[in-house]
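Presented sequentially are two complexes of chain A, the first with chain B as partner and the second with chain C.
Let's look at the complex of A and B:
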């Protein structure tokens, strides 16, 4: 299991550089707009930026306090920073869209789901069907870290997320989660 | 004894107490007065006597009443006395304990001594005559004392008289004070006339002074005079007054509004109008009420209240779309603007330019950047 935070990627260790949207260099982007229409567009831009950033850096857990210092919300070039309150608003917007879940009541940490569990499930199921492995049993570890899935998008998926995607599949009747001696497994139909 | 008047025992503003002696009995001439032992008080203006037990029983006479006084030494079973010879009581004297007396002198009998010092102080006051410098008004009679029933009615009359006197005095002071103002008003009218004639002369001799100077001078003159300002006196109060006022405002604000791009803050209007009206000043309330009538009177002006509560007077022709468009143009041209920069650009007040920017933001044409450097407006690129 690997666990990264937003600040950890400050070092730009990722091979491909992230492409910032144009809004990122537009100072008003970092002020919550009072005009309702304008704000809606602004929040939509923020949501897509946060999701694509997390996706690019494969981030699943975000700490709000840390987030403020991360490049996403803090553009050092134009010296603008999104306030904590505004970040909360953005995150709340993400939550409404089903892309975010708070981990605590104080709303200080959250899970960012740049793909919702159903979407992940779909991806996994597509891979299973493509490789003709229906009616096969996998361990969860095999799915996320096995050699077979290397190169797939869901490779390296965090355990909680994998389980949630499989639960979504199970609800659709496309898979069944089996409890095994040393962990969990899954059988696809 | 009939020279005494009832008193409240309080000193007047300019009066100071000189000496006070307890245990003094009063004599009406050679007879003992029907009063208890009390305290004799000498002030710069009056001789006051107060009953030792009943402080409401208090009487006084002005020192000016005294002709001369002498000491009477103590004897066996007799206290030392001061004999005071008095002028006949004046006709308008306030009532006192004695209506009349056959004696023209009184005696102060000092049961507890102190007559020497009292005598010394009394002679000092009689030679200095301090009461002459600052006159004490008639003592206010109190409604108490042995003859309370009679004096009470008199007392109220006295108070009323006193109030009446005060009122007259104030009246006189006020009319004196305003005499100067009305003179100034006459002059002000002359000034307006003068400014008119100068303005006309300038028109005739335009070549002699530069265009710029002419304009500036004219604007000074224009802002000086409304010949016949609408006042409450000429138009009564209430709606009619405000209507007339609104009409006059409509006339005089047209030019300044055009100069300022069609919009002026109400405070600015207030200053301008009152400067032009000279001494017939308007109250803020009257101005506001008059401004509220612009639209119903079909005048080319309108009072507008922004969301922030700022009130402005603007020309009816002054369209909002145009204003927003110009704000957007300006911001687009410069990339971004603060209210201050925009104000400089348009020659408007910061308050009004900010309102314009906010309006444009509200309409979704602009967006804001609120940072430590201040509030900046950008074209809405979202």
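Let's look at the complex of A and C:
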């Protein structure tokens, strides 16, 4: 499985360059604020930044140690970086909001869900319905990497997220995951 | 052969010449004094004419006041130098700035518990204008700066810190007589507590404090209402 990480982003491959929010160039943004109210504002802004950055670059996994060197948490221009402790605090906020899941007990790697599985499921189902493909069976690969889905937002969706999205649809009765000889497939209703 | 200039006769002659020169010098000085007196008289009456013509203007028009102050500076005159005398009596300039100084002190004292004695020149200007009411004379930021400079000279604990093209006005009651670093520390703690300042611990040896509102000004961006909400709780 190919995990794209924060540091491996090839910025040339992104059509539109990422727009940093004003906080990104505000030096104190990279210091965890002692004032409780100010910290709330700060964390909200960090969560928003992490999610939109991952969304823009289609990133799904983050390695915490690598993250410290990524441009998101390390603004070389103003010579400020978020400490590992502070990054953990931001990630905990994201986890509480349901946008992040730890992959290991040590909290060294995590999944970033800038779009939740239910939301992905909805997008996929919309595409299926729009093209009148209800009652057709797809392999997972066809959905995420097929020519037909090229240009759709869920094209290139990583397997683990795709499965969760389909599980969400299954729970809503809109799809059924099928086990086939060479892998999994799905039928939409 | 006889040499001229030497001998008792020569000395006496010399003395006479000196006396005559001295007399001439006195005459010259007297001339000059008379001349200068005449000039001063003219100057004085011109000033009085100027004063009566422009007194109203000076009190009413901030722009005119700036130009007047600049003119005075060019000829080496400080119209606020003393409470008595031509400038304050004839023009009432001293009164104007004195009254303004009092207003400034009132505003700063009233807000001290909230801002720790630090206020931007902009906010001070707004509040002074509000306090003066609709029918009072207009006051410019230049007026405030001059009034504060005068307050400083009188030792009332006022100071101005240049920040990004404008000023922060700092007021410390004279009787406390605090070291300015202690005051700044208190202000910083206060600002942090109130959520007005953000802490930057990566600035170097000492922690730094940033005011988001000033940062927005420094980066010359228009702050959207949403962004303004993101800055302070």
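What we mean here is this: the second predicted complex is superposed on the first by the 182 of 189 C-alpha atoms of A that agree within 3 Å, B and C clash if a C-alpha of one lies under 4 Å from a C-alpha of the other, contacts with A are read in each partner's own complex, and residues count from 1 in each chain.
Basically, a residue touches a chain if its C-beta (ideal position, glycine included) is under 8 Å from a C-beta of that chain, and two chains touch if they have at least 3 such contacts.
Please read these numbers as outputs of a predicted model, since none were measured by experiment.
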item	value
Room on chain A for both chain B and chain C (clash or fit)	clash
Which of chain B and chain C A:80 touches, first, second, both or neither	both
First (chain B), second (chain C), both or neither touched by A:98	neither
First, second, both or neither for A:35, with chain B first and chain C second	both
First (chain B), second (chain C), both or neither touched by A:183	neither
When both partners are placed on the shared chain, which of chain B and chain C touches more of chain A	C
Touching partner for A:25 - first (chain B), second (chain C), both, neither	second
A:45 touches, of chain B and chain C: first, second, both or neither?	both
Shared chain A surface residues [contacts with chain B and with chain C]	22-23, 26-28, 30-31, 33-35, 37-38, 41-42, 45, 79-80
Chain C to chain A touching residues, read off their complex	192-193, 195, 198-203, 208-210, 212, 215-216, 219, 221, 227, 230-233
Chain C-touching residues of chain A, taken from the complex the two chains share	22-23, 25-31, 33-35, 37-38, 40-42, 44-45, 79-81
Contact footprint of chain B on chain A as seen in their complex	22-23, 26-28, 30-31, 33-35, 37-38, 41-42, 45, 79-80
Residues on chain B engaged by chain A in the complex (per definition of touch)	336, 361-362, 364, 367-371, 376, 378, 380-382
